[in-house]
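Presented sequentially are two complexes of chain A, the first with chain B as partner and the second with chain C.
Showing the complex of A and B:
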């Protein structure tokens, strides 16, 4: 087959870039562990209030500087809605919903999940800087969707 | 007699194709660099927010 010299150049360039992208993503995902939120745990959406750890939602210390933040999303609020996290804490955020699909986005961070009934979504993040984050719902969930927010404060440990 | 005429025409068409691929190369690379720029931009935004 006859192929123009230019065609060979852009085919090589295009396929080459694809391999560069895949290598960067592969190293990032498997060597550095930058994985998307996990949703492998299931839960009965009608018994969220009785199922630990969601029967007592909130921040729980699980180890030295390690925490678990359990949040229940429902129309149209997060429980709890005011959270304080000590600076430098490595927090595993677990979210589930009692009713419909909700979003869980911590503005300005990579914490961004779709919360589906029947599943527990998890994401681990280390909070290295003092500041305030807004959590908001980014999946349309009903009439009060735009009011569905929560606040996270990262504070200096005393 | 008809055969040599036919091949002559074919060659003419081919040379025209060759000379017209410069613009295609430029636009392919323009699009390519735009894709690379946006991909790298989004990836660094992700890394910055880790």
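Showing the complex of A and C:
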């Protein structure tokens, strides 16, 4: 099948740039560890309140400047809904839901994940700046969906 | 060749029936859209306790599923009747059966949405549980579309039998490809609805596997957008060259691009599930790679279109690098509306690459950026092309002609649409980058300073949405005129001819066993292992919730 010379050039650069993009995101994902949130841990959605660590949701110190933030989503709230994080902390956020699918978005950051019944989802972020972040549900979950929110304060403890 | 210049009157009736339903859906779905942008401006609340999410579900189902599917099937019946000969009585009757099933299904679905029993949005994610009638209605729509698809296959087979050793007409080939794509992808949504959602909503089973259901939905959800796009590409490849007075750049490349869409638009659903638990990121990345492959036929299409335009302009004596642009028929709405649609596809495609870019998706996932994205692809590129096609298709089918006044109004309509969409989609993209979520009623999230920043963009969306609603009123005026009031006469169904310089089309393109075989293999590669994982490592299932 014949292709016009210009079309060959066009496709060469077009497809070439696709492969450049794919290489960039592939290296970022597999060599630098920037994978999207894809936690494989499962949980019984009806026993969230009895299953550690979600039986005591909140911020837990796990190491020198390392923390776990365990959050339970349910219609239409996050538990806990007021969170304080010390500046500079490296926080692994674990979220699960007791009922339907929710979203977990920390506005203005790359923390953005789906929260689905039966699964824990997880993402790690270091908070280097003091400030306030809004957490909100970005997956439709019912009549109060747009009221589902929480607040994170990054504070300087020194 | 038994190509006819005019679509048979009986086939025209079948096509028009589909088009009427499509435009009624546009009117109602458009009204729902207007109410949504007004609510989100924060300056307006819905009367009589109507829920924002009921309106949102109505908007998504009517415009995403009904307008598109009905217009496409009507258009394709007309295109096949025009290029592969009048439909046989059997094929036509089957087409009517498909039409009525789809229409009854739509009415049923709409009923359960409007009485508030199915505010689950058009993606109906479990464990939100709608009334069984909602799922049953959707099933009828899909089954009806299958029956029409089989009618089209039968018509194609009859043509092949009557014309052994000949290449099928391009529009017929493209319609068949699109229906194969549709059949293969709707198997996923049919599986989740029939095996999971329907028995669960009827109370026959108590629990549902949420991730499997979502994965089956998105196995369907992405090829769905290509099912919308391919008829627009049919108009671009075959109809537009004839309208401007030029030739089809290459028949083979047009067919190749359609085959590539068939192969690569299905095994890519994970790019809608990139930030989802329960799926290994390596499998997500594989589907990201396949998603990028589906950009290639769009690059080919862009080249073909502009090659056709330039060849035509130069044949009319255009000089200089861009002189040919001036030779194009800017005053002809049949060209102008689809052309504006093509221009919008450039930012739309670029935005789509961002959405599908693995970890980059975290920046925009479920923000209103995504809504802005598909209001460029579907609600501008595809819809403006469908409007442009309606301007000759409807008068052709009803035996009328479009007056100069209506043509001018159609040009104005296109400009109104472009302006409205720049406001609405533009501000959706910006607000999305600032984190504003999609599919949410107005909220300041407890007066969060971050959420207050979005309000000016939401007001811009309301302005854009209002302008777009004016655009909908204009197109409804034009369509009503063309269907019932325009002067009687003959309107051409434009079908382009292939440029003399183009080479003969190889037969391999109609080796369906080969293409369907590769499609199935790609689907199996992309889905088998992660799907087995989901089932083997499944958590306890979920009961249904009605939280609205």
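FYI, the second predicted complex is superposed on the first by the 156 of 158 C-alpha atoms of A that agree within 3 Å, B and C clash if a C-alpha of one lies under 4 Å from a C-alpha of the other, contacts with A are read in each partner's own complex, and residues count from 1 in each chain.
FYI, contacts are C-beta pairs under 8 Å (C-beta built on N, C-alpha and C of every residue); 3 or more make two chains touch, one makes a residue touch a chain.
Worth saying up front: this structure is predicted, and the values here are computed from it rather than measured.
Of the two partner chains, chain C is the only one touched by A:120; chain B is not.
Contact with neither chain B nor chain C is seen for A:92 once the two complexes are overlaid on the shared chain.
By the document's definition of touching, of the two partners only chain C reaches A:103; chain B does not. In the superposed model, A:68 lies in contact with neither chain B nor chain C. Counting the residues of chain A that each partner touches, chain B and chain C differ, and the larger count belongs to C. Touch criterion not met for A:79: it reaches neither chain B nor chain C. Comparing which residues of chain A touch chain B with which touch chain C, the overlap comprises 4, 6-7, 10, 14, 21, 34, 108, 110.
Listed in rising order, the residues of chain A touching chain B in the complex are 4, 6-7, 9-10, 13-14, 17, 21, 24, 34, 108-110. Put simply, chain C touches chain A in their complex at residues 51, 53, 119, 121, 125, 127-128, 210-211, 214, 250, 252-253, 256, 273-282, 284-285, 288-289, 292-293, 295-296, 299-300, 303, 307, 353, 357-363, 365-367, 434-435, 437-443, 445-446, 448-451, 503, 506, 537-542, 545, 547-548.
Chain A meets chain C in the complex at residues 1-4, 6-7, 10-11, 14-15, 18, 21-22, 25-26, 28-30, 34-46, 75-76, 99-101, 103, 105, 107-108, 110-122, 132-134, 136-147, 149, 151.
Within the complex, the chain B residues that touch chain A are 17-18, 21-22, 24-25, 28-29, 32, 35-36, 39, 43, 46, 49-50.
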